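Structures follow.
One chain, chain A, links the two complexes that follow: it is found with chain B in the first and with chain C in the second.
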Partner chain A sequence: MIEVNNISFKYAGQKNLVFDDFSLELKQDNIYGLLGKNGTGKSTLLYLIAGLLRPKKGTVSFDGIETKLRKPETLQDIFIVPEEFDLPAMTLDEYVKINRPFYPLFSTTVLEGCLKDFELTSDVKLNALSMGQKKKVFMAFALATNTKVLLMDEPTNGLDIPSKSQFRKVVTQYMTGDRTLIISTHQVHDVEQLLDHILILSPQKLLLNASVAEITEKYTFEYRTPDNMEDALYAEPSLQGNAVIAPRKEGYAETQVNLELLFNAVNEGKI
Partner chain B sequence: MTFTNEKPIYIQMADRLCDEILSGVYKDDDRIPSVREYAVLLEVNTNTAVKAYEQLAREEVIYNKRGLGYFVTPGAKKQILKARKQEFMKERLPELFRQMRLLDITIEDITSEWAKTA
Partner chain C sequence: MIQFNLCRFGKLVKWMLQGDKRYLIKSFLQVLVVMLLIFIFFTILINTTGDDPHGYKSCGIAAFAMVVVNLVLGPALMFYSMEGKHDMQALMLLPASNFEKYLVRHLNWILTLILATLAFFAADVLQYLIHLVLGHDYVRFVGSVIVNDMIGPIASSRYASEAFRPRFIASMTVLVIWFQSLYAIGATLIRTRKFSWVFTTVFIILLGFLVYKIQGYVEAIQLNDHSSAGDYAIGFGFYLVWAMINYCLSYRFFCRTQVISKFVNF
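Let's look at the complex of A and B:
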């Protein structure tokens, strides 16, 4: 559905390429977790997919149309929630009235449902909101647009403790049918139980591109005592013993992915 | 719900539903929440909830009525108890025995403690 083919990209005035001959395919009906250390190009990748940035070489296309052309039929099916953004000085009601015509599948039911879950109302003044409230209002609008693709950059930053749980609730409730969500984040604990598929970026390339099902099939995540480490691929000391990733043995039950451990193992080249 | 690290989330969801059947929240032929309702309740990916329901359907704890949802199989409670007992005997008891040997605890020590709880 989204195809990134051999792209190169660098920001004006910068020497280093953010992407060099980078390719990636994203499939419909999945919730992707896009992880990577600071400065590995997570946000840049989201902007390239949304057509807000244009690759120097190669193509990014959505259903066969290059997103950099910014055609209406593309833009009505992609929505991006950036990490930081400003909203105009008006109420949410006015904002919705002006912006909803751009999204033919816009759903008032979803908007009202999300606002209710986030304990907000549609008469709020957008420029008088705290960072967390602004984020919640914009995510409610984003989910209500019913676009096929939804991109979220650090969605849980700035959200208070109950809102993080509400965020997971609205995502499971409204990311229905054929919608695809890409969440770029460092807050792995906030989102790990939502994810179908994990992408881990390093400068210029993908270190990991695997579904959660593939990962749990191949690897075991568990705590072990130090005398029982021979087949461990990667280990970190912790209060419960060593946190270990090992190949899963035939016939043994699958274990829950420890995303933080996986991330560190992948970045150190152990997996 | 706080998920532990030991079991995959879908197994933990299935266990939770079984606990609810054991405690009588859902009785024979009762309709249980839909896959999506349960996913939203526990804030997990819908595909994970689907896996949990499929597992329970395979184990015949629940059954599907097309278009109506999932229902508790009559006798599910007995079935779950049997499976849990088996799990205890096969997995937890050997670990307990290992600890007992390690700490030099005899079966008599256990029976006398057990008698005190009655």
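Let's look at the complex of A and C:
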């Protein structure tokens, strides 16, 4: 569906390449979590997928068409919610009226449902909203476009505590069918229950590219006492004891992924 | 391959009009106020003498100069209404073709020019009414001054020659298109949208020196009334082809636009 083939990319005026001969394949009907330290190229990768940036070498294509060409057929199937954005000085109704004709699968039902969950109305003035409210409105619009690919850069930044659970609710409810969502975030606890697949980036390369099912099948995430650490692959002290990643033993139940622990383990090279 | 769909372009025009509504209204009001102030300044506040006793000719010159500058500089302002990278991002991500988006940005400056012309007429009517209220018997429309006192004498002089008039009008048209094409390149190449016209003007001045130097040796690029019909045709074609190449380049730069901050859009 989305193929990133041997791309190289660097920002003008910078010495280091953000990506060098980087490849990745993303399949439909998945919610991907894109994780990485600051400056590893998470947002850059989203912009490259959306066609807002152009790789120096290699190709990024969606259903076989290069996204940098920004063809209407491609753009009506890709929507990005950037970390920072501006909305025009108009009401949401007006915004929807001028933008929805570009998205053939746009659903008013989804929009209304999302707005209801986010406790917003469609007559809000976009330029009078707080950043968190703007984000909720834009995410509601993004979900309503029903594009095959939805890219979200730090979607929970700026959201208050109830809004974070509202966000999880709307994503679970409306990311249905053959849609793919790629969430780039540092707020791992906000999204860990949503994800089907984890991608961890380090400068220029992919450290981990595995489905949650594969991870939970292979590893166990639990809290242990210090005298029970013999098979631990990675451990961190915590208030509940040591947070541990260990190989999952046969016959043992699968545990829920502790994304923060997994991220640290991968970055330390323990997995 | 260039993609164009009339229905989608119509949607894009609506999108642009709605998004730029405030900018267009603001532009109209700005020109209206500036024009009105200029008209009042020349016809009421200062005393002009000689062949322009009531200041109307000065108003005409000022208005005519503004129209010419707006006409020539127009394409440099094609992204002027866009606030920054977020607006560009919204445009780039809209499901329409690059060509449709490029055309709609040209439509934006053309619309601004039309609104500026309407603002000129509105300011002219307002100054007329103000003079009537003040009881001035020398009241005139600036538009009529431009037509009768400025264009009229030119039309009745050397340019009245039946043979030369079409050549003059065609030369001016092709020169305006050529200038506009250079400003179109500036608008898509230089990322500082608000000041792309400044950098392009500097470039055009430098280019002007170069063309002036070459002109002595290459007769073919002359567009004046001394050149032979053949030379004139070559010169005309030369500027037109150059302008077309500039527009193609400008479109190519637009297609390659990225949402990262750099000085030029390569």
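The criterion applied here is as follows: the second predicted complex is superposed on the first by the 271 of 271 C-alpha atoms of A that agree within 3 Å, B and C clash if a C-alpha of one lies under 4 Å from a C-alpha of the other, contacts with A are read in each partner's own complex, and residues count from 1 in each chain.
Methods note: a residue touches a chain if its C-beta (ideal position, glycine included) is under 8 Å from a C-beta of that chain, and two chains touch if they have at least 3 such contacts.
Quick caveat: nothing in here was measured; it's all calculated off a predicted structure.
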{"item": "Contacts of A:Leu75 with chain B and chain C, given as first, second, both or neither", "value": "second"}
{"item": "First (chain B), second (chain C), both or neither touched by A:Met131", "value": "neither"}
{"item": "Partner chain(s) touched by A:Leu52 [first = chain B, second = chain C, both, neither]", "value": "second"}
{"item": "Partner chain in contact with A:Met229 - chain B first, chain C second, else both or neither", "value": "neither"}
{"item": "First (chain B), second (chain C), both or neither touched by A:Glu254", "value": "first"}
{"item": "First (chain B), second (chain C), both or neither touched by A:Leu105", "value": "neither"}
{"item": "If touched residues of chain A are counted for chain B and for chain C, the larger one", "value": "C"}
{"item": "Common ground on chain A, meaning residues reached by chain C in one complex and by chain B in the other", "value": "none"}
{"item": "Residues of chain A touching chain B in the complex", "value": "31, 165, 168-169, 172-173, 176, 193-196, 216, 221-223, 253-256, 258"}
{"item": "Residue ranges of chain C in contact with chain A within the complex", "value": "3, 5, 8, 11, 14-15, 18-19, 22, 83-84, 86-87, 89-90, 92-98, 255-256, 258-260, 262"}
{"item": "Complex contacts: residues of chain B adjacent to chain A", "value": "3-9, 11-12, 36, 39-40, 43-48"}
{"item": "Chain C-touching residues of chain A, taken from the complex the two chains share", "value": "11-13, 47, 50-54, 70-73, 75-76, 78-80, 82, 84-86, 88-90, 94, 97-99, 101-103"}
